[in-house]
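Here it is: the structure, laid out below.
Order of writing sets the chain letters: A, B, C and D. Residues in each chain are counted from 1.
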Amino acid sequence: MDKDTPRTATLLMHCPDRPGLVAGVTRFLAEHGANIIDLDEHVDRSEGQFFMRVRWELAGFALTPAAFGEAFDTAIARPYQVTWQLHDDGRPQRMAIFVSTMSHCLYDLLSRWQSGEWPVEIPLIISNHETLRPVAEQFGLAFHHFPITPENKADQEAREIALLAEHQVDFVVLARYMQIVSPRLIEAFPQRIINIHHSFLPAFAGARPYHAAHERGVKIIGATSHYVTEDLDAGPIIEQDVTRITHRDSVGELVRKGQDLEKLVLARGVWAHLQRQTLVYRNRTVVFS
Amino acid sequence: MDKDTPRTATLLMHCPDRPGLVAGVTRFLAEHGANIIDLDEHVDRSEGQFFMRVRWELAGFALTPAAFGEAFDTAIARPYQVTWQLHDDGRPQRMAIFVSTMSHCLYDLLSRWQSGEWPVEIPLIISNHETLRPVAEQFGLAFHHFPITPENKADQEAREIALLAEHQVDFVVLARYMQIVSPRLIEAFPQRIINIHHSFLPAFAGARPYHAAHERGVKIIGATSHYVTEDLDAGPIIEQDVTRITHRDSVGELVRKGQDLEKLVLARGVWAHLQRQTLVYRNRTVVFS
Amino acid sequence: MDKDTPRTATLLMHCPDRPGLVAGVTRFLAEHGANIIDLDEHVDRSEGQFFMRVRWELAGFALTPAAFGEAFDTAIARPYQVTWQLHDDGRPQRMAIFVSTMSHCLYDLLSRWQSGEWPVEIPLIISNHETLRPVAEQFGLAFHHFPITPENKADQEAREIALLAEHQVDFVVLARYMQIVSPRLIEAFPQRIINIHHSFLPAFAGARPYHAAHERGVKIIGATSHYVTEDLDAGPIIEQDVTRITHRDSVGELVRKGQDLEKLVLARGVWAHLQRQTLVYRNRTVVFS
Amino acid sequence: MDKDTPRTATLLMHCPDRPGLVAGVTRFLAEHGANIIDLDEHVDRSEGQFFMRVRWELAGFALTPAAFGEAFDTAIARPYQVTWQLHDDGRPQRMAIFVSTMSHCLYDLLSRWQSGEWPVEIPLIISNHETLRPVAEQFGLAFHHFPITPENKADQEAREIALLAEHQVDFVVLARYMQIVSPRLIEAFPQRIINIHHSFLPAFAGARPYHAAHERGVKIIGATSHYVTEDLDAGPIIEQDVTRITHRDSVGELVRKGQDLEKLVLARGVWAHLQRQTLVYRNRTVVFS
């Protein structure tokens, strides 16, 4: 983010498709002094749904967030049955990271934060192992260890949720966190928990995807970042990418090559979320560009 | 193109950026009964230019093309200094193909036409060699041979231009046509001649790019489709793609692998043109998606 | 294939891994006057198997194919328990094509044959529909129509197998042939039937993969060429590739983009087979480069 | 590197192509008890050069490095005019990193070292700025600041070379080091200085490649890792990769997307070097797989 980027707001919305929606929203914004700098809309004809992302400069815009809500509801949201979110792009989002023992994604996320590449705050890192505490400490970040057993899982997650709330966390990144998160945590952060799965979903869902890929003899491996839902590895996909492999690659080589993919695909997924480019509808993610 | 796709029109426009443009255009369209099915806009902040592509259903739209021109000029184009094109998407475009001796791109284009994949008509094929006449005839298409020498080049091109006009050709595809086309032909089809260059431009412009790529030892080769301008291999790029090579690949292998790229990149470039997704501004191409 | 390429032979072999295999084979070849121009070996450590592909110039090589077999069996194959194939690279292979109603892969294969890109002969095209007869005829190729019903399937396939034998077909390409081929045909051409599946296997095996991909909301689609085995869509993979899609792409757009992938991935798979680069072991394909 | 990987040695060699080379070398190794676990050879027919990489287990191998040299010179290297290097794969290589002010590649390299992903030691980091000292210190590494001016450049580089020698550095990585290194430093580390250039070379050599790419309107950007030679940005390429961009991407977006490429392409180049997969010949790099 350039320092001289003008302060902006972003509106994400979807509703049943009807003629006049773009005209209606853009006229509403123009009437209140918005200078639109980015507008992307999409109509899913098979679903009959309209999706839009609009970003405008706040300088000259007449409405406060509260006033916007009231006016937009009256003029647009209620008549058109719109589901919407408004974001002040100038406020850094607060991201919690969950890890287990593998460090590659964690290093990548922390580097992007520390170097200022991402406009994000990291109030805490949570893990079910002590392994990565030194990495967190090296970057000066709080590290909370919550060992998980079948017996204590519900209690530990309740404490995690309380901690996330206490730190006003906006969203959670599972950076190769090797635990299934429970419905309670998912409900606390609907469409705000991002996971990285180390395969090209839906291929090789579940455990040990690199072993499965090697066994099947595929010529390409992939990684997938997605929002977490109760249905394991089946949440709405944000980003995927792949890399070519050959018969020469052992499972160990797949793991090595795959880790570079995981870093990249998770980072792109988080970036899309940070940029308010994502809108989930019926288990699919619209990713505005 | 699905048979039951509704009849649509596409507007491509650009102008100096000013607040209210999207609102103004979409309101104009809504007032005349347009149901917008696709809208994509782009602001190039470094150039201060606004670009937009809007597609709407013609069913229920109140304006004929002529009436649209008058009304749009008055309401939008003159006040905002807009350059615009309106296209009736239901009319198949007429494409001429120029070839020399290599057949791979020609086969690919003709297959897409003959199978009905592309809504396009091919009134004629022009070549400076007789080599590919059998391919044209096999597909039942007219083939015109214009041998080119330094002495006859101007005359032959004048005859070609007349022939293209006679056949009401909308745009020209140079499918590995190994002749430099003259300014006169370019002026007759501004931003309507598409060339395929067998390298990842601007690397390896000019002749024998695969030899140059092999000599340089690159690990990736590419192809580029672009609109033809008087500045050779420097016209606005529509599409590029690449493929990985290794030290094992001889120049012959680069040619073989590259030809698959050329077919694909040319086809994608032509498709974007056919879909009215391209807008040229200052030697760059906006390609709406 | 360059015209002045020297005449070569290719040996493909695999056996349990033991020290001295490369030395043994290369010494054997050198002793009989072979000038090796390409050698690639691979040891699958998890399987304990050794794989090798060697290509040498026939000029100066002392052994006829028959004499090679006897000498190689004695010196190498029996002591090391080697499974091997020897190919005379100068003999064009005879390829049969099976199609149904979609033409994109067929056009691509026929173009590569007719332009001389591939050193292959096409004695016949077989289809369960009449639809593509005009394409075959346009390219001057024999087209045999075998309509398939549950009742006549066994008989029709028996006739197809007889026809393939009569035409001395070396291998079969299923170019979007929408019929499951029976074990009898597979046994007649073990590891010599190549299919293109329109997904990134193992994701979206079975029917309608583009619909399934759209429903799941993936961000990348793929295609897979593989040898056909009795286990549907589960045969050894030769080649895969992918292309990026977005939420904007309807099922129809996935089909359109996917068809370009299918052409390319099938062509690469057939090319690898033609070049004797493939060796199947336990449902995985070693593809030498 | 798995802990239970057997101790191996790697031989890299090239020489004028002659029949019997593979047989000669593999017989030599077999006679001294080598169990070859990987062999890759390449003949560059246009250059008439033979290249080979062989890796074997040291357990059971009869020759010490010194004895190998003597025996190999006598049996193979002198008769065949072979240029060769022998590496003990068990010894971690010592890597120095040069940086300026951008941290993304540095973080990536240090993470791979600290996590144990790479079998490498980092005795020191050198910079012409103080900016990244905190990153080095955070990872517990020595950081040496050598400010460079036109006047002091020769002296400073002499001190750098002395420092590198003192720390027994094997190779140097320029991780976005924004200074041209002098011939003296290059001569001290021939084919052992790896640079990352932030474009798809040879396109956009020199300064500000992202600005140039934006100006030209390319649809794909790239990054290149290469060995440093006296000819700026023209050294032998080890690895390249690309990413797709659109007209929506500002120069700032190209920089952001490009940095992810730079990290990946530099890491892959360093990995190939660490694995002894690279052999330079006439400004091209053979990269064995």
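The rule is simple: a residue touches a chain if its C-beta (ideal position, glycine included) is under 8 Å from a C-beta of that chain, and two chains touch if they have at least 3 such contacts.
Only a predicted model underlies this, so the values are computations on that prediction, with no experimental measurement involved.
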{"item": "C-D against A-C, pair bridged by the larger set of C-beta contacts", "value": "A-C"}
{"item": "Of all other chains, the one whose Cα centre sits farthest from subunit D", "value": "B"}
{"item": "Where subunit C and subunit D are represented by their mean Cα positions, the distance between them in whole Å", "value": "37"}
{"item": "Separation of subunit A from subunit C, taking each centre as the mean of its C-alpha atoms, in whole Å", "value": "42"}
{"item": "Sites on subunit C at which at least two other chains make contact", "value": "45, 246, 248, 289"}
{"item": "Subunit A contact footprint on subunit B (complex, rising order)", "value": "19-20, 22-23, 26-27, 29-30, 34-41, 43, 45, 244, 289"}
{"item": "Residues on subunit B engaged by subunit C in the complex (per definition of touch)", "value": "2, 103-104, 107-108, 111, 114-115, 117, 138-139, 246, 248, 252, 256, 259-260, 264, 267, 289"}
{"item": "Sites on subunit A touched by subunit C in the complex", "value": "42, 44-46, 51, 200-204, 216-220, 222, 236-242, 246-248, 250-251, 283-287, 289"}
